[in-house]
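Next, two complexes with chain A in common: one pairs it with chain B, the other with chain C.
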Partner chain A sequence: METLSYRHRAQQRMAGSKSMAIIGVVASGNLEVLAERVLPDTECQVDISTAAEGFGAVWEAVVADFVERSSPGGLKFSINDGGARPDTVALRLAQAVRLIEENDR
Partner chain B sequence: MSALLTETEDKPQTAWDDAASWYEASARQRVRSLLDAGSFKEFIGPEQREVSPHLRVFELPEQFDDGMIVGRGRLSGEPAFIAAQEGRFMGGAFGEVHGAKLTGLLRAARYVKSIPVLILFDTGGVRLQEANAGELAIAEIMRALIEARMAGVKVVGLIGGRAGCYGGGGLIAGCCSALAVSEQGRISVSGPEVIETNRGVEEFDSKDRALVWRTMGGKHRRLLGGADAFTSDTIQSFRDIALHLIRSAPGFGMDVLKAEQARLGERLERFSSCADALDIWKAEGVPDAEAVPAMPAEDFIAVANKVREPRYDAR
Partner chain C sequence: MKEWARQKAARKARIEAGSRHARGKAVAVTDLQDFLEAVLQPGDRVCLEGDNQKQADILAAALADVDPAKIHDLHMVQSGVVLPEHLDIFEKGIARRLDYSYSGPQAARIARMLFGGQIELGAVHTYLELFARYFVDLTPNIALIAAVSADADGNLYTGPNTEDTPTIVEATSFKGGLVVAQVKEIVDKVPRVDIPGDQVHFVVAAGKPFYVEPLFTRDPAAITETQILTAMLAIKGLYAPYGIRRLNHGIGFNTAAIELLLPTYGEKLGLRGKVCTHWALNPHPTLIPAIEAGWVEQVHCFGSEVGMEDYIRARSDIFFTGPDGSLRSNRAFCQTAGLYSCDMFIGSTLQIDLQGHSSTVTASRIAGFGGAPNMGSDPRGRRHPSEPWLKAGAEANPDTPAHMRRGRKLVVQIGETFGDKNVPLFVERLEALTLAEKLKLDLAPIMVYGDDVTHIVTEEGIANLLLCRDRDEREQAIRGVAGYTDIGRGRDAKMVQQLRERGAIRRPEDLGIDPLDADRRLLAARSIKDLMLASGALYAPPPQFRNW
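What follows is the complex of A and B.
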């Protein structure tokens, strides 16, 4: 197992009032993303625990691209990864953001 | 690309359709779409990170909910406790935390007495990496389930997921007040490969998918009486059958146990000489038994109800 952590400055606070969202399943080629609104509005963090070791550079690129596109200010993402490909990771991160930016019922 | 093509992941609930497939849905989708919109409140949710203490030792990835979702909500306005296994995480297998969450839910139901429990099974059995803890969990769950039933709680199992309901999951299912199964749901203790490994291919050929389905699949379980109801593979039909079984499932007491014992004894007597499920269906008087595997759900439900009325005195 390998753990990675990336912290970025975000342009703006992610919209919505939900405090938490979860998406995905830990299975071969899949991952789960837990998003929590626990950070200051201009910060975001992505913590990764992965079974596939040695892909730090790819994770770093995928996370940087995601922060650039979504500006998820205030969110902490925790990932349990079962060896997902970068496109699946990007999809899950986008889904997590979509879920948490809804307003709480 | 395959990861994207096969994707049926969580969407906002408003976009989730009652006609969606139970089999394809994730455990969280099943819970949220089965219960009344917005009513689900999770106990020990993923944000609490109550993960397996064992998987890390084996360098295996954890899941924040350990593959078991428990909580409460409303079903058609009435309160319900609910537990759901995620069949894609470690085959929905029982580990220490996974099992403890279900045990706790059943103990809460026993304490409250008036609120039924829905268990959305999707499991291959006990997780081998935490086998002892998993086996103990199965025993604890069965005890908690029976104690809840003794206190008057209806416990209804719903089976229609990818992993089926195997191993200890099959034992727990057998303890429920009532079970509903879809065609895709399989109920058994030993799986096809396990039987073949232990008893040889002559005993059971796990590669023979038609044999596997007609021996362990939902239709056979319904015709044999192992499952009380058969349902088509949609969220809506699982919700309808859950409501029906909560209302109709028998209570728990000596009369019900005796009736169940009599039912099982009678079954053994009638069918012990049958070599194949097909022989059992014929012996039960199913017209055109060969057509059962390909029969659409609605037609099969009609046939099954004609051949075998659900027995509400036994379980």
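What follows is the complex of A and C.
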């Protein structure tokens, strides 16, 4: 088990009013992402707990791209990873912000 | 005085030698080894029918049992090297030289034997190319073929897996060669005549059907969300804007995902009747939901697929069928259709380099190509226009006057940036090059050349190589969809951004694709059982796919 944490400045606050979103499953080759609106508007944090060790450089790149593309200001992400490939990680993160940017109904 | 009919005389001698082990045209399985030793000569060029799907397995086993002291140095010319016996004959010294197209299940062993010098390799061909050579410089002396049934005159019924047979027989029988067919049984009257009896010299009743592999069955249960996202990119970013009506799909999960998204995602985009109406395609079970939803007008097939027989029979408006009701496939005609009549080929590969060359050959596996290099190439002899072809041509050559501008076939490579076992799809250098050096080949076994590839689709986006104007742009467009592979991480971010602004790279967000749609619920069938139900129980999945 390896834990990683990345903190970034985000260009803008993530739209929407939901305070939390969760997507994915903890399974081999998959991951679960919890997004919470708990940080100041220009900040973003991604905490990762992963079963696959030694992929820090790839995580760092995936997270940096994600922050640049989605600008998830104000969000803290907690990832429970079962050894997902980077494409799956990027997809789940994109799905998480899509969920949280929807307005609360 | 020069003799001008030596081949016919030689065939007559072979028939006389063979007849000593036959009753009329019928050879008993127990006499097969003696029979083959009688009709074969050392150094003969032999086509042992090994197609993509059906296999002349009884004849293959008998050939592997002949005495190498009597029969040796055969030159095998066959499209598929599929059965262990196809290589056993090289190990035993019965055969020496090989010209072929595809070796899926034997890919690792054929690599070992090539390295070990047990096989003298002619070339790895595309199907149509090997068939073409049957008529020019690789005409078989003997063809050992497979059919379902025969009558006493040798008329053959192939059933739905006609595949290569008419082509092999045409080349062999009309050029002085000998044709021997294995069938399950000899009957009074065949259900339809696929091969006329006067082209067939001997028939072996094997007592059981030839071996055939369900090569085109993809279980929807194994399709991932990344593959669904990639399929959505292809549909919205390629099929829709180019208006692709005539096409061929490869056999991977990525294209299976596209087939299963047509009735759901494609319907939502209003594409029914506008794309995917005419196909050169094996009867993929994953196409059933699209056919049932009214997407497909017609499909011509290279071969059949195990379990699809009754479904095809009940859908003769869609498929080509004979007077007996079953499918008539033909690999040579369908490959020609895929080359000249389709506007798009889309398929997977194992390795793509920085100029877009792709290959399924790795250092330890030589799988061959099958039909991919044929369908995945731009036919320079094409003359009829179509909307997608003209549009692609205009993208590639915007400055050429329209009346003098060739169109372009869309040749699309699709895959996830990391494939099976996390192996990256994108590489600095193809292993095919290493292989060519090791085996001292004149040509590296490239499946699709970079200058034929028009688009590369991954979950990260679509690279449109038609819009790239030089090597650097091409390289960066490829890096720009290579995700987190080393190739992808080595991109020039600024240049990739510029390519994106020009539309040479398009990402899911550029196309308005919602990542939340990348969900297995979007598949029109999520299991083999769903496919069976969608077919009205006409599709009969083979046992290994029945997991309920």
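Points worth noting:
Note that the second predicted complex is superposed on the first by the 105 of 105 C-alpha atoms of A that agree within 3 Å, B and C clash if a C-alpha of one lies under 4 Å from a C-alpha of the other, contacts with A are read in each partner's own complex, and residues count from 1 in each chain.
The rule is simple: contacts are C-beta pairs under 8 Å (C-beta built on N, C-alpha and C of every residue); 3 or more make two chains touch, one makes a residue touch a chain.
This is a predicted model, so every value here is computed, not measured.
When the shared chain is aligned, chain C comes close enough to touch A:A61, but chain B does not. Contact comparison for chain A: of chain B and chain C, B touches the greater number of residues.
Once chain A of one complex is fitted onto chain A of the other, the partner contacts of A:L39 are absent, as it touches neither chain B nor chain C.
Look at A:V25: by the touch rule set out above, it reaches chain B but stays clear of chain C. When the two structures are aligned on the shared chain, A:L99 is found in touch with chain B and with chain C. Contact with chain B, but none with chain C, is seen for A:G82 once the two complexes are overlaid on the shared chain. After overlaying the two complexes on the shared chain, residue contacts for A:L4 are found with neither chain B nor chain C. Once the two complexes are overlaid on the shared chain, A:R69 sits against chain C while remaining clear of chain B.
Within chain A, the residues touching chain B in one complex and chain C in the other are 85, 87-88, 91, 95, 98-99.
Those residues of chain A that touch chain C in the shared complex are 58, 61-62, 69, 85-88, 90-91, 94-95, 98-99. Residues 224-226, 229, 416-418, 422, 458-460, 483-484, 489, 508-509, 514-516, 518 of chain C are the ones that touch chain A when the two sit in their complex. If you check the complex, the residues on chain A that touch chain B are 1, 20, 22-27, 29-30, 32, 34, 36, 49-51, 78, 80-82, 84-85, 87-88, 91-92, 95, 98-99, 102, 105.
If you check the complex, the residues on chain B that touch chain A are 3-4, 7, 9-10, 12, 26, 28, 38, 45-47, 49, 56, 59-65, 86, 88-89.
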